[in-house]
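Look for chain A in each of the two complexes below; its partner is chain B in the first and chain C in the second.
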Partner chain A sequence: MATMPASASDLLKSFKLKTKQQELLIRVSILCLVYILAFITRLFSVLRYESMIHEFDPYFNYRTTLYLTENGFYDFWNWFDYESWYPLGRIVGGTLYPGLMVTAVLIYRILRFLRFAVHIREVCVLTAPFFASNTTLVAYFFGKEIWDSGAGLVAAILIAVCPGYISRSVAGSYDNEGVAIFALLFTFYVFVKAVNTGSLAWSLASAFGYFYMVSAWGGYVFIINLIPLYVLVLLITGRYSMRLYVAYNCMYILGMLLAMQIRFVGFQHVQSGEHMAAMGVFFLMQVFYFLDWVKHMLSDTKLFQAFLRITVTSAVAVGGIALGLGMVSGYISPWTGRFYSLLDPTYAKDHIPIIASVSEHQPTAWSSFMFDFHILLFLFPAGLYFCFKRLSDATIFIVMYGLTSMYFAGVMVRLILVATPAVCLISAIAVSATVKNLTVLLRSKNKVVQTGSTKGSGGSKSSSKALLDQSQPFQKNGAIALLFGAFYLLSRYATHCTWVTSEAYSSPSIVLAARGAHGNRVIFDDYREAYFWLRQNTPQDAKVMSWWDYGYQITAMGNRTVIVDNNTWNNTHIATVGRAMSSYEDEAIEIIRSLDVDYVLVVFGGVTGYSSDDINKFLWMVRIGGGVFPVIKEPDYLVNGEYRVDKGAAPKMLNCLIYDRARGVEIGNKDVKLEHLEEAFTTSNWIVRIYRVKPPNNRW
Partner chain B sequence: MEARIRARVNLALTFFALLFFVAGSSPPRQFVISNAERRIDLSSHIINVHLTLKVENAGTRSASEVVLALTPTEVDHLAMVDASAIKGKRKKTTSVRLEVKPTELPDAPPIDTKYFTIYLANPLNSGESTTLEVLYVFTHFLEPFPAEIAQSESQLVFYHDTALILSPYHIKQQTTFIKTPSTKVESFIRMEPTNRVGTEIKYGPYEDRPPYSISPIHVHFENNSPFAVVEELVQEIEISHWGNIQVTEHYKLIHAGARHKGVFSRVDYQSRQSSNGASSFRYLLARLPPRVHSVYYRDEIGNISSSHLRTDSLKSELQIEPRYPLFGGWKATFVIGYGLPLQDFLFESSDDKRYLNFTFGCPLIGMVVDKLTIKVVLPEGSTDPSPVVPFPVEHHLEAKYSSLDVVGRTVVVLEKKNFVPMHNSHFQVYYSFKPIFMLAEPLMLASAFFMLFVACVAYIHIDLSIRK
Partner chain C sequence: MAPPAKPITSPVSDAWYPTLALLMLSIGLVVTASFFIYEATSLKRNRCLAKELITGGVASVFLGFGSLFLLLSAGVYV
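Moving on, here comes the complex of A and B:
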C-alpha cells in the first residue's frame, strides 16, 4: 500500500519535463496557436458573407483553375482563350503566372486523394489563408535565423495579424500575392540560411523557392534585384566569403534556369534590363573569386594592387560595353514602364495612364501606412537600431530588405504588401530585444538581492548590475513600467489589426452591404444578378463590352466573351473601348459595330449612391482613349478644370455615350433617347445596366 | 407560330383519318357511354381534364376493360392519367382507384389514336352500368400566341381540342365545360349549342354521337399564370446513419410562356407593376418537410440572398426569389439544399431491412418537371437496394464517393419524365446495412491522428543527428 503513492509520484516525475523540453513545448504550442490564428482571422468574409471569390483578378485565377482541374495541365498550358479580348483572344498559358493555379489544384488533388469531398472553389477561397499560416512559420524560422527564436516567435505573431498582409490574403482573395508572399519570404529565408551556412543544399532550396516565386507572381523581380544588391553591399563592406560565393552562384544559375521554364518569363533573365543587375553581380563574383585566387598565388602585394586595378577596370569596362551593345542591338530590352514608375512615381501619370488609373498603383498616403502597420511603424526604426548594433550578414540582409521595400511601399500602395514581412521581422527584433533586456534586468536584480542576502558575494556580473542598480534607483520600477507599456502597445496592435480586418479588408466588393433604415443589413447583389442574367439569357457567343475592370468577372461569372479585361496588355484595344464610351452615340455605334459587340454593360451608382461606378472612372476612359486617339481631348469633358456630372457639366460630356448610359435618367441631361441601343436588363438596385445593340435597320 | 400550324395540321389529319375510318371500323362495341361530362381547367399551364363517364354494358358478355382514346398530340403532352370508379348514390359516394394501362388495339381503325385501358375491379355484366372518373393531366399544351410579347403586354394562349369527346364507344349524351383563368377570351370556335358565361365556356349537350366523332375547336384566351417549368431537376438524398438526411436539389428553371421581346425596362417594371410583366414571376414557393434545418439556396456563382423560410410543426415553407424576375424564355438555374432528421424518414422493416420513406416529387409548388431524377445515396456498406415507387419509373444504380469513402456509396437513381404535382406520393427504398460500418470513418480519422501524434513523439525523443 505504501509503495503505491511513491510509484505514482515517480510516474509523475517521469512526466515532468526538463526545462528545455518545457521551452520546446511552449514554443511549439505558441506556433500552433499562431498558425491557427493566422488562418481564422482571415475568415471574417466567409462568416459574414459566404465562401466566395473577391475582387476582380481572382475571378480570372478562379476561372483558369477551374479549367486546369477540368482539362489537365497540358491543355491549360496550351490554352487559347477566345472569350477575352475579342476579337484578338489571349494565349492564357503563355501570359500568366501558373504558380497559384497549380498550387490550388495540387491541394485539391491531395484532399481528393485523402477522400475529402471538397469543391475546387473552397480550395481556392482558402488558399490565401492557408499560405498566410505557412508564412508565419517561415517568419518564425527567419526571425530565428537573423536574431533568436524569441524574435522569431514575435515575428510570427506580428505577421499573422498584420493588416498590410491581411489585405491581400483574406479568404476569397484568390490572387497571386497570396502565395507569392510566402514564396518571397521563403526564398529570402533560405538564401540567408545558405549565406550563413555556405551549404549547397540550402542554396539549392533557395533556387527552388525562387522558381516557385517566379511561377507565382511578377514581383519576383524584387528578389532578383534585391539579392544582387545585397551581395554587392557585402562585397563592398568586405564581407565577401566562400559561403556567399556558393550561395549566390548556385541560387542564381539554378534559379535562372528554372525560371526560364515559365513561359511568361521565358528568356527575360538574359534579355531584359531588369534582370541585368543579377547577371552583373554574378560576373563580379567570379572576378572577386579570381582575384582572391590570384592574391593567394601572388605573395607580392604591390604587384597584386596593380593587377587588381587592371582587372577591375577591364571587367567593368567589358561589362559596360557588353550592356551597351546589348541595349543598342535590341537584344537586351530596356526597362518597362512599370519598372520606371517604381523609380519615378510621376512617370506613369505622364506616360501610361492605364497604370496610373488603377487605384492600387497610386503613391501611398501616410494614413494608409498607419492603417496597415500601426505600431510597427514606430518599432521599425527601433529594430533597425538593434540590427545595426549587432551587424551580421543576416541583419544586413533584413535591413536592406526593409529599407528598399519601404521605399517601394511609399511609391505604390500595393507594394506595402512586400514591405510587410520585413517590417514585421525588424519590429519583432525590436520587441524581442527590448523585452529581453527588460526581463534580464528584472531577473538579474532579483538574483542580486537573493545572492546578496544568502551568499553575501555574487559573481562579477551581478556585482556590476548591483553597481548599475545603485546608480539608477528606480530601475526595476522603470523596467516594469516599460514592460507594461510594451504589452499595452502590442495589445493595441492586436485590437487594431482585428478591427481593420473585420471592417476594411473583409468585404468581397462584388456584394455590397449597407445598413438599412432599421439597422438591418441590406445586401446589394447586383453584380452577380447581372452576370447571372448574362450567363443564362444571352446567346452563347454574345460579346459584351464594358470598361476593363469588369472583364474578368464577366468571363468568369457570366461566361461570355468580353472585349477588354483586367489583363491590360493591349492599350489600343482598351483605348478603343474608352473612345466608344466617351463619344456621341452616333460615333460610338460605329466603333461598337466594328468590334462586333452585342451587349454593353455599364455600372451606374445613381440610384443607390454607389460611388465607384463608371462615371467615376470616366476620366480615365477619356485619358486612356486620348492617349491613343488624339481626337479625344480631356479638356472637352471638363468645366473650368473641374469634373462635374450635374447640369453644369461640359456639353461634350453630356452627349457622350457613357453619360447616356450611366446616368441616363439622372441629373444634368434628362430624357435621353437612345437610338442604337436598347435596355436589355437592369438589376434590382440599378447598379448594373445592360444594353443590347440593335441590329442596323434594314435598307429598303 | 410554326408549332401551332403543325399542331393544327396534325389535328386536321387525325380528323380526316378518323372520318375515313369511322364507317368500316370494328371497335369493342360492347360498351355504350350513356352520359359523359368533361371539365377542362385551363387556369394554369398544367391542364386538368376531369372526365366523368357513365358506362353501360350493351353487349351480351360481361366485360371488365374500358378503353379510352386520345389523339397523338394529347398523348405527347400527357403527364398522367388516373381513373377511379364511383360507388354509391348521391352523397355517400366512394371512389376506388382503378388500374390504367396504355394498350394497343390491333383492329382499331384510326392508326394514330392511342389507347388506355381501364381495368374495372369487378366485371360489368350485361345491361349493368357504372360511373368512372378519369383525370388527364397535360403539360406544355397551351401554345402562346403571339409567341413573343413585350414587357407591357399580357400573355395570350391557344388551347386546341375537340368539342366532341374522342371515344371508341357510342356516346349518347355529352357536355364539355372549359374554364378559363379570366374573362378575357379573344376568340373561340362555336359548335352549337355553345354558351359562354363568365370564365366558363360550355359545349353541348350533344346527343348520340357515333364512335370516333370529333370536331376541332380552339380557345384563344389570356393566361398570365406563371409558366414555370423545371427542365431538369436532380434531387440527391444522402442518408447518414449518424442522424441526418441531406437533400440537395439542382434546378434548371425556365419560363415556358410567350418569349420576352425587346426592352426590359426596370423603370416600368418597378413603377407600374400591375400592367408590366404580367406573365413574369419573381417568387417561387417550396414546401419542405417539417423540422428542416440548414437550408441553403445558391447557384453556380454563389449564394442568393433573397429567400425566406417559415417553419411550423407541420410543414416548412421556403420562399425563394431567383436573381432576376423571369420573363418568357428566360432561364435560371439554382440549388436548394437542406438537412432533415433521420428518424422522420428512415424506418426498419420487419425483415431486418431498413427503408427510406420519402416524397417523390418537386417541393416547388405548381411546377412541371420535364425530367426528374432522384438519387438516393445510401450509406457506405449498404447492400441489396430495392426501390418501391407507386408508378413506373426508370431506375439504375451508381456509385458515389463522398468524404472519407473508400469503397463508395451505392446510389439508387430513379428517373421520371414529365412530372406534375399530382404525381406527388411516397416512395420507399429498401436496403440492408450493418451498423458496424458506421464506425469505419471515425476509426480511420482517429487512427490517422494517433499516427500523427506517435510520429511527433518519436521525432522529439529520437535524436537523428549524425554527429554527437
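Moving on, here comes the complex of A and C:
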C-alpha cells in the first residue's frame, strides 16, 4: 500500500505521470479510438437503409454460411448443390474458399455461447468492419516493425479510413476480401518479423497466417509469389543470413502442406505454373546454405571459387531442365487465364470474354487512383525515398510490396484493394519521418521553451540525426508553417474519405435510391420484391433463367433453381443462355425447353431510367454467346458499328428475345407479340419482369 | 385475491440513465487507464498487490455499471 502522502503537493505529484507512462497512454488511447473509428465509418448503409447483404457475390457466401450453421462442418465440406447451374449442379465443397464462412460461423458460435442471441445475418453483415478494425491493429504493429511506433500509429489511422479498402469492406459487403486483406497483412507482418528475428515461432505463425489466407481468397497467389521474389532480392543484394533461411524454409514447407488441405487449391502448389517461383527459390536457398557451409569448411579461396562456379552452373542447369520437363510433359500447368491477363492485359478481351466483361477487371483510370487514395498518392513516392535512405530487410520488403502491388493496381481496378495496405504503410513512413524531423527542429534550440506542436508521433526513441548548427530565426517559423500544412492535408484527407464512403461506397445496390420529382428520396426495392414473389408464388422446383449477375440472389432470396450464376465456372453454359437471350423467339424457345426452364427473369430500365439493366448488358450476352456458338455474330446487332436500341436498331436486334422481354412496348418495335412466353409478374417500378414459359400446345 | 400489485419501477429514474452512463464510464475508463499504466511501466519488484487489486476492482465496478446504464439508455433493456 502506498504510504499516505504528507502534503497536498506530494499527493498531486503522485498523480502526475512520467513521460514513459504518458507515451503509453497516448498510444493506447489512439489505437482504441482508431479501432472504433474503423468500425463505425463502415456503417453508413446500415444506418441509412437496413442491415442487409449487398451486391451479388455476398449472397452466395451468405447462403453457404446458412448451410454451414444448419448442417455442421462435414456436411458443408461435402455439399453438392443441385439448386444452381441446372442441370449440372455444383460441387460447392470443392469449389469455394471456406475461410470467410468458417470465420463468420465461429464468431456466431462464440456470441451464442455468451448468450447473445444474434442472427447469423447480423454477424455476416458486420464481419467485414470487424476485420477492418483488426487490420488497423496489424498495420500498427507492422509499421512499428518497419520504422517505429510513430509510423505505426499513422499507418493505423490511414488504413482505417482509406477509401480503397472501405470500398470492399463496408458493413453488408460479405465477401472474401473483407477477411482476406486482414490475413494478407497479418501474414506479411509475421513473415517480416520472422526474417528480422530469425525465430522459429514467428515462422510457424507466418505459415499458419498463410494457411488462413489460402482458405480465404484466391489472391493468395500474390503472397506465394511476392515472398519468394523478396527472398530472391535479399539473396541478390547479399543479405543472406541464417534468419532468412529459417524463416523462408519453415514458412514455405509448412505453408504449402497446410494450403493443400483446401480442396479448391489441392495440388496446385506443386503442379501449377503460378507456384513454381516459390519452389525455385526454395531450392536456391538450399544451394546458398550448402555453399555457405562449404566455404566454412574450406580454407582455400581459389578452390572455393572454382567450386562455386561449378555448383551454381549445375544448379541452374538442373533447375531449368526440371522446369522444362515439367511444362512439356504437362505436369506443371501454365498460368491460368485470370492471372495471365494481369501480365498481358489484352489477353482477356480476345480469348475469354467473360473475364473481360466484368467491370472490375478493367485497367484503372487516374481518377480512380485519386478517388481511392487522395493525398497518399504523392506521399507514396516520398515514403519510398525514406525507405531507400534506411534500407534494411524490412524496408526492402515494404518497397517491393508497394511497387508490385501498384503495378497490379494499375492493371485491374479490383486490385487497388491489394495495394492499399502498402500505400498506407509507405505514406505513413513519409508522414511520420517528416513530422519527426520538423518537431526536432522546433525543439532543438530552446529546451526551456514549450513546443506544443507534436502530432502524436510519440517519440521516446527520437532518432534525431541532424542537429541544427545555425540559429536562423525563420527556420523555426518555417517548421511551424510546414507542420500546419501537414495537419491541414491530413484533415482534408479525412474529410475526403468520409465523403467518399458516404456517397460512393455505401449503396447496397440491391435497394436503389433516387431523388423523386419533388426532391424527396425514393427507395426502389424492386429486386427483393421480385425475389420474394418468386419464393411465394412459384412451385418449389421451378427453374429460373436470367443473366448470371442475378443468379446468386435468386438462389439465396428466391430459393429457386437457376441456370447460371455468378460463379461463371462453365463458359459454355453461360454462352447457351446468352444465345437464348439473343436469338429470335422461335430459336430461343427451343433452347429454353431443352434446359427445362419455367420462368425467365429480365431487368428493365425504361420506366425509371435505370441504367444498368439487361439491354445495356446485352452486348456482352452477344459476345459471350458468340464466343462459343458461331451462329451469333456481333455485327448483326450493330448499326454502322454502333449499338442502338431505339427505332434505328438493326433488324435482328429488334426481333430477338431480350428486346421483346426487356424493352417490351416502350420504344422501337412497338407491336411485339409473344407466342411462347407470357408475363407473370412485374415489380412496382417496372424494374424486374418475370415471364412464364407456356407449355406447348396439345395438338398441332 | 392478492392485493393490487404496484407497477414495477427501477430504483433509478430513467431520466438519469444517460448522465449516469457517461459519468460512470468516464470514471471507469480513467481508473482503467491508471491501472494499465501502473502495470505496464512499473518493474516487477516494485509492484504492490493490494494497490493492483483495489484499482482493478474499482475500475471493473465502475465500468460494469457504466455499460449497464449505457445499454439501458440506448434502448436495450437488459
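Everything below uses one rule, namely that the second predicted complex is superposed on the first by the 660 of 700 C-alpha atoms of A that agree within 3 Å, B and C clash if a C-alpha of one lies under 4 Å from a C-alpha of the other, contacts with A are read in each partner's own complex, and residues count from 1 in each chain.
Keep in mind that, in the parts below, a contact is a pair of C-beta atoms (placed from the backbone, for glycine too) under 8 Å apart; a residue touches a chain by one contact, two chains touch by 3 or more.
Bear in mind that the values here come from a model prediction, so they are computed numbers and not experimental data.
When the two complexes are overlaid, the chain among chain B and chain C that reaches more residues of chain A is B.
Looking at the shared chain after the overlay, A:Y240 reaches neither chain B nor chain C.
Of the two partner chains, chain B is the only one that A:F116 touches; chain C does not reach it.
Residue contacts after overlaying the shared chain place A:F681 against chain B, while chain C stays out of touching range.
Of the two partner chains placed around the shared chain by superposition, chain B is the only one that A:E529 touches, whereas chain C remains out of contact.
Of the two partner chains, neither chain B nor chain C is touched by A:F208. When the two structures are aligned on the shared chain, A:L24 is found in touch with chain B and with chain C. In the overlay built on the shared chain, the residue A:Y67 is in contact with neither chain B nor chain C.
Shared interface residues of chain A (contacting chain B in one complex, chain C in the other): 21, 24. Partner chain C is touched in their complex by these residues of chain A: 1-2, 17-18, 20-21, 24-25, 28-29. Residues of chain B touching chain A in their complex: 262-267, 298-306, 323-324, 329-333, 401-406, 460. Residues of chain A touching chain B in their complex: 21, 24, 49-50, 52, 115-117, 511, 523, 525, 528-529, 531-533, 535-537, 557, 665, 678-684, 686, 689.
Across the complex, chain A is touched by residues 33, 36-37, 40-41, 48, 50-51 of chain C.
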